[in-house]
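Chain IDs A, B and C follow the sequence of writing; residue 1 opens each chain.
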């Protein structure tokens, strides 16, 4: 199969899977087999693309021209490869996890859940392989819409309110700002194709570039820059697999991925170097990192705490993009992968605790480490990775980001990163400490039995936790893969 | 041989079929005639469009009297497109009508309903096709009178007052239009549009022509529900029988907008409109205020049909906004939105018609829990709603794209921002319905509704799918709209 | 009114003559301008008179509703059918014959074609009929427009200010009538005669007949609007028990 065809099939495969899942809605076993099979097939489709991309090829294809000059096109390039690989691999893991979770938790409307999940993954892959801003925008919006039924899965009033915030903010930013920026870009340059070094050249004044940059960055609501971050905590009403894959990986990473894409391929980092709006955005990102961490410390609900942690971590990537130097951008790209593994582990653990022990709050976790030792150990690994301690993957990306900040003589942001690390420790380690070192609330002497989550959940947790460790040792290929995106043609 | 007479047949076929329906005296045969004629009209419209695109403007002299003395039917890409919209919507609505008519209208009036329906179709097609200014008035009144009748057939008594209100406002509008045409005639001595266009240049700076311009714009403004002349529309759409709402919402205002385009661009010329009058600024301001005011009003409506009716007023604002840019891109956006809006509002009102068919009400509280009870209908509604909001891959997006592009081309980026903001208001009202249908439990004292019959679902889904098809393959719609925009501007400059 | 012997007797005597006259007008249409339209009106008037004197029930016995509806439909079909038949038939003879007849029925279109070369007339009309810089002359010279504006405003005022639905319709009629007057006054040429072609006649000044024809159409439209409006008012009265706008609004607000 040629690379071009593989990309198209990769986008379509989850959709076909969705049809299969819908068709077998009466047979849970068959339905879940379909999910898993699709997930595996997707990964097998995406993986072979890595080789040509590493070799410097950029396989691309145009599917359909919607308006003259504006087409739905796909192209595989390093940044997209990273995102596609992470998303497709973690989908397999999440599928296994959600089978255990959804059954263990006796959720309703499971078919709708799996169908929407598959559509969401399809659009995430579409975002990853989009060859122009227009295609990216289409998949970006499909992603928003297909995750809405997942967020509101429980159908309660709380879910409805959460869904309202979710959809409202994401649509508001994407239609209100991002679409405006896209049309504006089109009307100035006459193209929306992602091009190494940017497409603006010297066509417009720095002021206009600044306005456009602000429109893009705030328009990409999925990157959760403050003040447009509220949708992410609101989305936590969703079942945990959704929070895990979509709101720690697919959706939010689609956001920061778009940020990097726009930075690198629409504006080009050389062009942005002289734009003052990026400084403003740097401070916004820094503020988001610190403020979200502070909020996370105060959140007692574990999932919401993790959500604010995600908000904070997403801004790392934005920060990396806005520092506009080679190192920081690569650091941002790597952070997409590193954080994905770390955060999904944390969410999996939160879900496992919910399924096995029916606990959602940090304050209830006292002594749970004795009941669920494996889960809590994985939680520790995930936490350490997000904090950025060796020998875990998160340390590399954080290191590169700090290095990039230093390169640009922006020492303030080195400080921000360090401070943020401390704050990470402050909100991620207490659950672990409580779990292992505090006594359980019941009367002492009572027999404590192991009560881990279903095996499917546990296995997934182990895989992602192991992934976080492995990424520390195999970070180099990632760096090599990402390097070409910042080497401009000039 | 018959191909030469397509232009006449387009209007004559439904005109003759209308009395035929009356003679048939029975609902079902009359319905069959209506369906057949609608499809024939669509076929003719497609033929005309192909002919126009291949060979340019078609001129047809009615009764063999040469223009400018006789009445001329003149088809260029602008009105060929409008003919396609009108007949296309009718071709989908006519099959849909039967079930709803049986439900909503007493049996002894069925055949009269279809007769009025066909007359309305005749009028709408006639307005679009004719090249004679006075003839426009005649067809305008044919379509208006029959639509008053159609609206008054609604099942609630409010339909009567709505029809009456529309009758008064519509007649004032048409009479204003008539005054304008009279003044033009006084100045040029001709009623043939093409002829007027050439002769108006010489007298265009007189006060009479200005007055004519004002009368025509205001008169048509009433007909096309230009904010703040839209007051007749919400009630008329809300209380009319379902099939009528679909037909009117998707076509009536469009045809009025077409007439305005024709008069402003072809007859007066865009230079006149731009240099001598403040039409551009005026339209833009009213369109924007209308978009926001109507969208916000829509959010607070509990009758969903009324909600969408206000939304229609807002959408008319978009079309006029496109016109007010006086540029090829803007006009393309406006004209393509004529088509696109017909698709989305047609789909939405059809879905609502199906809801009304089952529930006998379209109050938002009655629609609670419908997502489970009528999944296909409500999903069609959601998809139509997404198109209305303007998400990519739907037709709504294409219209927005061109409108924003047109605003940016002029450098008016705040207006581009306003267009986008206003489309978010559509999210607000569409989502009120979605939340009611999917997140609320139905009130227990109402019987459970079941899915709508296929006779209603199939036409609804045809339009829903059209929303996506024409959102992805825009070569037809945008191509023609672009051509039409150039025709309009070319003849004006 | 059936209690009035005089009315009854006179109506009984008169109605046959009215019908006869209508037929006469109809068939005279073959020789001179006008015909069908007026004949129809006169014919209808006979039935209306009958209904007024002897009551609607009796009138419906003479002309049952079904029959009326059928006649309307057939009439329209014949009307449209003539047009189509002409288009379909490609025989030159039929064409020539038809053209002669239509020409005689609609001298207006024809006259308009002759008038075409001299449209300066029409245009002059709107400007002053002579160079009159004085305001008084402006006022007097345009008296037809002042009447038009007055009537228009009057009608408009009635439509807006009156709450009675029937009065609104009356206002609408005045409003429309003002426009009819505008059209007709535009067409008038001072000293012009009726536009009838006299064989061998030299150039004569005649009033522009086209506005008359147009307004004839507009009047028909106006009558249709009025009829429809009034029937709506009847239905509203049946449904609400009132024809006052504010009372209806109150009733609509309640539920």
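Keep in mind that, in the parts below, contacts are C-beta pairs under 8 Å (C-beta built on N, C-alpha and C of every residue); 3 or more make two chains touch, one makes a residue touch a chain.
Since this is a predicted model, take the numbers as computed values, not measurements.
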Quiz prompt | Two chains sharing the most contacts, counting C-beta pairs only | solution = B-C
Exercise. Work out per-chain C-alpha centres and flag the one nearest the whole-protein C-alpha centre.
Key: B
Practice problem: Measure off the straight-line distance from the CA centroid of chain A to the CA centroid of chain B, and report it in whole Å. | Solution: 44
Quiz item: Hey, how far is the Cα centre of chain A from the one of chain C, in Å?
Solution: 74
Practice problem: Report, in whole Å, the distance between the mean C-alpha point of chain B and the mean C-alpha point of chain C. | Solution: 30
Quiz item: Which of the residues in chain B come into contact with chain A in the complex?
Solution: 386, 389-393, 398, 400-401, 404-405, 408-409, 413, 416-417, 420-421, 423-424, 427, 431, 435, 438-439, 471-474, 478
Practice problem: Provide the residue numbers of chain A that touch chain B in the complex, in ascending order. | Solution: 64, 66-67, 134, 137-138, 141-142, 145, 152, 155, 157, 159-160, 164, 167-168, 171-172, 175-176, 179-180, 183-184, 186-187
Quiz prompt | Residue numbers on chain C that touch chain B, as the complex places them | solution = 69-70, 72-77, 80-81, 83-84, 86-87, 90, 95, 99, 102, 109, 112-113, 115-116, 119, 121-123, 125-126, 156, 159, 165, 168, 172, 175-176, 179, 182-183, 186, 210-211, 214, 217-218, 221, 224-225, 228-229, 232-233, 235-236, 239-240, 248, 252
Exercise. Under the touch definition given earlier, write down the residues of chain B that touch chain C in their complex.
Key: 1, 5, 8, 12, 15-16, 18-20, 22-23, 63-65, 68-70, 115, 134, 137-138, 141, 145, 148-149, 152, 157-158, 160-161, 163-164, 167-168, 171-172, 174-175, 178-179, 182-183, 185-191, 203, 206, 208
